[in-house]
């Protein structure tokens, strides 16, 4: 992987934003690898992602000075009311996985992490059950069992938050974690908690959605990954995918197909987050691909 | 196209149904081309579609006697409490197209009909606007303008029903017809009215769904074709499809993609209905492909 | 549709390209609507598409001066060895449709054009058969019948080229035109002839590809639209799509699905070309979406 | 999972096949759960899959006598020149996994097996490298390292065949096993070796297909699972799937998408084989879904 930096920006739209940012990068000698912009015309917002090389491949062999750039960039960012993050690719985001008894998502994420597809650190796996313990052990990751009871959610969450803080966690992935997080918990990690859930056309809101979808005879089933906000299974959508089914598929076939979709849409969301490709605002996302 | 007959059956499930139907067909000398069955275990229902040749290709050269078969089949059907239809492929279903001002679906259906892809007759096109008149004329199809006003729906529907009756219509296709049909109208054509509408994950129920989907940042948009029941945009789903979109797509791009999906899912539903591939029951369908 | 201009650029990659182009636009007062860039690292090439408003919505109410911009841009383009096109959205590309006896693609394109989805002019339809004549007449488009015989291809092509020149055609769409164009013909319209063909996994090269695909039991069929180059059915790919099939689908079902795919991938390619979204180089394309 | 039996048949097509098989099952008291047939008209072949309950849920509570059925069925099968298999769901197919250094497919299969999605036994994992050893140990599966050298393939294959025989293996899954099996090896397990490979439109035959696909600017990439025959990467196709890509995707993105597709199409092929849903004949398959 290339030694690079990614600058993510969102700010009120105005003329000359691209010119000013790209001119600054040019002056500082950046060798831009990828750049993408987006405008939300309805909201008057501007979004930009720029990635450039840090090693001296394209210039006199000297390394790009990220600190100097940051000092030069800050006044511009302030003037233009930017929210921004600057991340070097050498930085490995620290990720906690939360799961319950269904392990297909967490196993998939671990395998991708192990094979190098997900460039992050996974210091801890948290679960309200012990099913994942062996898998965590195999991959050499600390496992913490935090039992949950409805009447003691606050206590459990306090424990979880302490674990996250202790491990310096920057991203929480709910890999089929079957507990609802409180608004307080969510507020501590804004746009830093990713969840996955099934999705159907039409939508089914009850307890057994696959049964409802089967009963309704839908021809497609789907899955959605999203950032977690206070509203359950809502929040900015990151990725969605669907699979075709027929009347021949039983409920268990729908569930199996759903698991395949969940693996894929969750792992993509995590990868894009790690690669700083996602900007979320309001109730939606821009995903720079 | 082969000269064939299609028998569509649904009935309470019991042992030996396939054996008894297939034995009867065998005794009568049928050369089966396609056969498919389905069981809805939850509801205890059985569904079957059988298609066999009528010309004497496979036997002594004599033509299959459809009337004699029907006489032999009727007692069996009564005994086993079957709902059934028997249709020769020579029969051309008489179809009426309803549309409003948006013509992509009706134009697509007409082109498919004209090219022989949809084997039916289209004696009449009905609209509450005149936009489709030229297209109807080009294809030599009678056009009837039935203006609609909310306060005079009963009157308009009476006119429409008279047109349908006068033309012996067996299937009504709502090709982006932007009026709600009354429950009385719908009851006259059970599982004989096909509609198409957009569909999104999550669902949006307001007046401008593409705007809502864009505002919500969905990554997929879809379309659904279905039989019309009393409940608007509900009813047994026949076909669904989706397309991937991104933050780069504006509302107008979503609308354009939606139109492509609508063309495809509506025309498939119509074709499958004409080929007697669909059995609807409760709020779902079996589509024998 | 917005009154705008699109600048399409490709050139050797070097530092500061985005900065210099965007700074020039900024100085000239452009209100950028969309901008996208791409780098082909292997070939060291840079690609850019910028679209900005021409009317004075965002500034002092004056209109953007496209000629003055062009004068300022030309020295920059020369210095940076750019190939470039500058097009105002008011310009309607002049398109000729070529077809043979199968009309699903040409009918689809005409309906999209008629409904305003394809913003272009279609002064002429050319065919080696007369099947499309009625459709052309309905849409008020001149139809020219140019019969083709293998031994007189040069003569037929001379006639076709004269028609294209006479109508000032800028884009030729082969909408299931079943004749091979000569290298000389193709060289006259580089990256200005769009074709569509089926595509399969694995590839079948013989005369009856749908039969071959059926015989091989493929589970997916596809279609591809591309710019025409000297090599038949090769050339830079613009769009591809696939549909799932099963052993139940007969050859005629594959053909019907294939037609649906052809409509969609061809019409998308034409729309993207009209919107100046495609840059082709070597044997591939960049499609700015 | 239900206690059931599956009968898979293929034979020359003739009248009355469904009647005779279903009548026999009816006489023996079978409670049919699923039944599906297919005819290959071009080749004059008939295919059937029937699944029925073995426990006495639907009758007098007695268990279906599978041996008595088999004795009654054999003369019929002989008379009608059937190839057939009869399998009770209690039987767990014994599967060997072969892999090399890339573990995404083998890890995915193991997780699915562990979670009960794949109902089989996996007595052994064979590899020409040691990368999978830890994973095999975690799941408690015997790992055998069989190094391969081109000049000693016969020797290595003799060792592999001995391992397969020793473990009573009935299905070999090549989960990204990067060695070509000899025709002799393949002949020992006809339609019992499943492989997965990438697939592209157009096809690329060289050593680095993802690079070729990227260089050619394809808009879709795919994967195919198939039974292994003597011809490398050929053989009856079981499942295919594709993913959409764009010019923004680098070769490594294509590879990552390809891995997702490989996981899915390989695991589906294995599941369908285990559930006796696949009949292969000539160079194609029927997959009863």
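A few notes on this one:
First chain written, first letter: the chains are A, B, C and D, and each begins at residue 1.
Basically, a contact is a pair of C-beta atoms (placed from the backbone, for glycine too) under 8 Å apart; a residue touches a chain by one contact, two chains touch by 3 or more.
Not measured: the values here are computed from a predicted model.
Looking at chain B and chain C, the chains that touch each of them are A, D. When the C-beta pairs in contact are tallied for A-C and for C-D, the bigger tally goes to C-D.
Farthest from chain B, judged by the mean position of CA atoms in each chain, is A. A straight line joining the Cα centres of chain C and chain D is 42 Å long.
Computed from the mean C-alpha positions, the centre of chain A lies at a distance of 36 Å from the centre of chain C. Touching of two or more other chains is recorded for residues 34, 246, 248, 289 of chain D. Taken together, the chain C residues at the contact with chain A in this complex read 15-16, 18-20, 22-23, 25-26, 29-37, 39, 41, 58, 244. The part of chain D that touches chain A in the complex is made up of residues 34, 102-104, 107-108, 111-112, 115, 117, 134-135, 138, 246, 248-249, 256, 259-260, 264, 267, 271, 289.
Note for the complex: chain B touches chain A at residues 38, 41-42, 199-203, 215-220, 222, 224, 236-242, 246-248, 250, 283-287, 289.
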